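Notes to accompany the following structure.
By written order: A, B, C, D, E and F. Residues from 1 in each chain.
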Amino acid sequence: MSVVVRTIERVGRADLDALAAHGVATLHEAMGRCGLMATRLRPIYAGASIAGAAVTVSVAPGDNTMIHVAVEQCRDGDMLVVAPTSPCEDGYFGELLATSLKARGVRGLIIDAGVRDVRALTELGFPAWSRAVSAQGTVKETIGSVNVPLVCAGQHVTPGDAIVADDDGVLVVPRGDIAAARKAAAAREEKEAAVRKRLAAGELGLDIYGMRDKLAVKGLKWVDKS
Amino acid sequence: MSVVVRTIERVGRADLDALAAHGVATLHEAMGRCGLMATRLRPIYAGASIAGAAVTVSVAPGDNTMIHVAVEQCRDGDMLVVAPTSPCEDGYFGELLATSLKARGVRGLIIDAGVRDVRALTELGFPAWSRAVSAQGTVKETIGSVNVPLVCAGQHVTPGDAIVADDDGVLVVPRGDIAAARKAAAAREEKEAAVRKRLAAGELGLDIYGMRDKLAVKGLKWVDKS
Amino acid sequence: MSVVVRTIERVGRADLDALAAHGVATLHEAMGRCGLMATRLRPIYAGASIAGAAVTVSVAPGDNTMIHVAVEQCRDGDMLVVAPTSPCEDGYFGELLATSLKARGVRGLIIDAGVRDVRALTELGFPAWSRAVSAQGTVKETIGSVNVPLVCAGQHVTPGDAIVADDDGVLVVPRGDIAAARKAAAAREEKEAAVRKRLAAGELGLDIYGMRDKLAVKGLKWVDKS
Amino acid sequence: MSVVVRTIERVGRADLDALAAHGVATLHEAMGRCGLMATRLRPIYAGASIAGAAVTVSVAPGDNTMIHVAVEQCRDGDMLVVAPTSPCEDGYFGELLATSLKARGVRGLIIDAGVRDVRALTELGFPAWSRAVSAQGTVKETIGSVNVPLVCAGQHVTPGDAIVADDDGVLVVPRGDIAAARKAAAAREEKEAAVRKRLAAGELGLDIYGMRDKLAVKGLKWVDKS
Amino acid sequence: MSVVVRTIERVGRADLDALAAHGVATLHEAMGRCGLMATRLRPIYAGASIAGAAVTVSVAPGDNTMIHVAVEQCRDGDMLVVAPTSPCEDGYFGELLATSLKARGVRGLIIDAGVRDVRALTELGFPAWSRAVSAQGTVKETIGSVNVPLVCAGQHVTPGDAIVADDDGVLVVPRGDIAAARKAAAAREEKEAAVRKRLAAGELGLDIYGMRDKLAVKGLKWVDKS
Amino acid sequence: MSVVVRTIERVGRADLDALAAHGVATLHEAMGRCGLMATRLRPIYAGASIAGAAVTVSVAPGDNTMIHVAVEQCRDGDMLVVAPTSPCEDGYFGELLATSLKARGVRGLIIDAGVRDVRALTELGFPAWSRAVSAQGTVKETIGSVNVPLVCAGQHVTPGDAIVADDDGVLVVPRGDIAAARKAAAAREEKEAAVRKRLAAGELGLDIYGMRDKLAVKGLKWVDKS
């Protein structure tokens, strides 16, 4: 049942650039709060903010065979998404694989396992979001699959989906939802810009969002002393 | 039982500045090692070192209604202290709330849950200590309380207590203990400065602290080979 | 059974410098993937890359007596390796101890517990790898041992072993394995440099490592559509 | 985007009974080791071994509204599968809901959150697999969805899929894979029965599985002394 | 600052018996969902359901001195509540201490650390709720306090408060809230008995609780196909 | 570097029986509180209390090849001790391996990973202590070692050492320490029997252990009111 799917439909480049500009928090909110990977995935360095089309890799614990296989399926604008078939924090990925992916235009790595060579990756400017940093290397014995739907850090990913990642975490935007997500995010940003200005001027969210009446209905009391 | 207490007695500004200057580790030691919040609270960026008067917020899991309510109760020199009623790592707090609190002079956020927009918070210079970074947004449905005593990350906090936070963690200094804490911390710093100088010159703590006799009594043996 | 062993055989300085230059990931791989401490040990600041001879310290939970005892046994080029006898994340170690160790030429600290004063340690340039940052201080009541074999973060350490630490983690290189480790690491680096160049030029690991035939034998299929 | 899907295609009763008889470990192995939920899900009492058709429920953190909605969609032979939209261990489910589900013939509960009233559930004979036991109740404010595809404890579940659960954990068997899974499991059981007899008689797996030659090729050495 | 308070006001015996009969889940719900200790506290054996007046003990990590001191302050109907000053899972408590407490009529132990001799405790019928089972013994070097307010597993406990514990967890009922808690719990049980009967007869919570209109207002849609 | 050592010196049967009778908590205390494996290892069923000679197995993550190899090295009275080379909770071990080991007289399994078929193991009466229960099977691709010294759950184990396991956890007693451990444990049991009788009669540990004077010296105060 191990398979490498060579032909996937990818989210387009213009969409990726727009999604990266919106960022994870805005998009996630705009999409109705779904698609966020588990918070155990953290960036290996701060400040990267990217989006790419998912090339998915299902790997055995402690075995990075399929990452090598996946490289060949990657192209400019992709994001590698790696999930082990059972929990593992070994360092599946380091400088050599990053060099190879960078040569193909891959934007970054999402892995629900470990990475190593973090200093070299930082110097290369190849961002990664991982559940661990670990020098523990892996073997090349057991096959898996590339470009099959899988679950990574609690989220279902279909190959070609947009993956957005920044300091706030990692978000999956299904290909079919991208137009709606972009539109909602743009609307949200516009609205937030106006709200931000009012808040900076000292207005209260309680008033801007009209919360006072609802709070009273729910029974909230203001008292002078406890 | 949901209530917002409008009038609390706050630790004074001079005390806050002095406490921030001592820092968490020194104060905690000076106070007899009590009041430290759990180490799961980490700063979203390194280097902040602040103190503020606690405005406490009890929130439902996945619901930030009461943070909006609390903003109105905050003023210059305060620190917002947020604890969910059951464990939650959602991103209750982001750039808009930080903008609002900054406009009121609030010094920072302590939250036993998640925050988002960490890059924006970092650029704003609004420090936060949290158990997670998460883009997962929250709803506004369930009320809670503001300025009631609560437990945050394992420590009991009374509204108006001093909260001190830096790279070493987060400390609660009860209002009634501040004078003693300042005095003990100052004494400790003076003593430590002298010890530091001797240690830097090569003297041993074993001698400076007079530990050798006690160690012998306890039965410690020095041998040349194992 | 508490003992301080004064005479240990240490890995030499030239070996330490060479090991530090190879780094944890390369050495670990070159040694056949053994000796890596658990990933819960993280550096308090990024970028340090060091090696030292292990001076081991077995401490009681919440008690740093034996770290003070160990200082006297340390000398230039050493690395302090501290393990509590049961899990503990208290801040056993801070600025004063770092000052004392630095005065003796100690290169850094490995501790399967907490450290504090992380800003001061960073400013001092005294690197530490720990399982927690905690201001929680310790007492000086219970004795333990210095320079006995122990388990730290899942690895067995014999006093005098080389400890290598960088952003990827912490590695134990037993004294008897150092020559072999250096040789294998140097060979690995040479080989990796060649591979890196080919990968950067767009060649695939699949071809460079000759993986295609083995993958076919194992039953991997390439398909055009899922 | 909150929806309750009333019509789903369910795995049949004969299949469910057969799957329950095979058990999680055998089926999982027979299916090529996929579909197992995370080990954080544990049974509230030992010995239950069941299978049911998945009725899925997506709930907000700390809010069990949708479990009440889902009850109406359940019928004889179903298994309720509940996943919160962000991590939560509140006690969403207790004796009253179990009474209601039992009245409809539901076989059990899988929840990546908490349950309560465990003594009553045990006495009722209503089995549950959960990540926590918690008396912490929930609110009824926020809607979600019933019978939509979701991820529960790391596995993707489509409504109507077979869920098999016993002391070894919880397994998802997609509806389309059931015939193959049953066939492979039956074959595996037959083979295992023969192997078990030989092992009980003292034969070695090394010989039964013909492992010795492969081990030699891989370089394993047998020595008399270390 | 180490102190043993000899005179505390305890919740009365009739109240304790009534609270134990209600159980943790019902009381917690009746009290508005507050006072529940963290779910990391689990019973060492299933089926115990008790209530006692809190005798609190603040202990150093790895040091059970103060449990011995606390025994003398215990009397019939009490519950020992032990919290370490920093996280620790050592086995502070075993058969001898249980024998001593049982001789004084103490009903059980709540400890945010470890216990040992679990088989003997089970045979003695002395129930304990703990965060770990650990044979790791403790020293007797560092003093702490008895019968001071403290935080145990995330909840604030005042000496003399009622502690209720069963298979669902551990609940603190402040002395001043007991009358209200009993009354609310009794009302809740009566109401639940009626609801349980209707649910067992096949009625739906959706109807009993009148949820359908609110769900429609919130926007929930029922559809026939996804 | 993968090796199977065929000849190891084992602790004798009379010693094993005596150690099992003492139990983990008593022995651990008698040995000066060392050798206890991490509390993450829990028995798959309550009540087993055994001791065996360690046959050690170092396995790759997700690969149980070497357990099959180890079976051949086991004999009556042994205990299998399995540690993965990086953290893994897969189900390495189930009914077939237990059948095979039972046929050779092996007393039980200690594994810092997962087991499956727990119901069958319970019915077989083959006890296991593991960090997880998981149906997740393993592959047979990567070799490791049998009967080499290793670290399992934080403790160093030399092949042939006594392993004692019961409801309180798992203890390593090095072969060279057994005579001393038995003697100290017997002395401790005699002393504890006397103490237990006095405690059951209502005497206090404070008096039996003569703690009052030391407590006063350390500064403990008894007060009547807080």
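Please note the rule applied: a contact is a pair of C-beta atoms (placed from the backbone, for glycine too) under 8 Å apart; a residue touches a chain by one contact, two chains touch by 3 or more.
The model shown is predicted, which means the values in this text are computed figures rather than measured ones.
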Worksheet item: Among the remaining chains, which ones contact both subunit C and subunit D?
Response: A, B, E, F
Discussion item. By that same contact rule, can you tell me which chains touch subunit A and subunit D alike?
Written reply: B, F
Practice prompt. Starting at subunit A, figure out the least number of steps needed to reach subunit E through touching chains.
Written response: 2
Worksheet item: Is the number of contacting C-beta pairs greater for D-F or for C-E?
Response: D-F
Item to complete: Provide the C-alpha centroid distance between subunit A and subunit F, rounded to the nearest whole angstrom.
Response: 42
Discussion item. So the centre of each chain is just the mean of its C-alpha atoms; given that, what is the distance between subunit A and subunit C in Å?
Written reply: 31
Fill in: Per-residue multi-chain contacts in subunit B, two or more chains
33, 36, 85-87, 89, 134, 136, 142, 149
Discussion item. Quick check of your reading of the touch definition: is the inter-chain graph here a line, ring, star, complete or other?
Written reply: other
Item to complete: Return all touching chain pairs.
Response: A-B, A-C, A-D, A-F, B-C, B-D, B-E, C-E, C-F, D-E, D-F, E-F
Worksheet item: subunit E touches which residues of subunit B in the complex?
Response: 1, 32-34, 36, 38, 85-87, 149, 151, 154-156
Practice prompt. Flag every residue of subunit D that touches subunit E in the complex, lowest number first.
Written response: 2-8, 65, 68-69, 71-72, 89, 91, 94-97, 99-100, 102-104, 114, 116-119, 132-137, 140, 142-143, 147-149, 159
Worksheet entry | Residue ranges of subunit C touching subunit E (in the complex, touch as defined) | 60-63, 85-90, 134, 136, 139, 141-142
Worksheet, complete the sentence: The subunit E residues in contact with subunit D across the complex are 24-25, 28-29, 33, 36, 39, 42, 46-47, 49, 166-169, 171, 192, 195-196, 199-202, 204-206, 209, 211, 215, 218-226
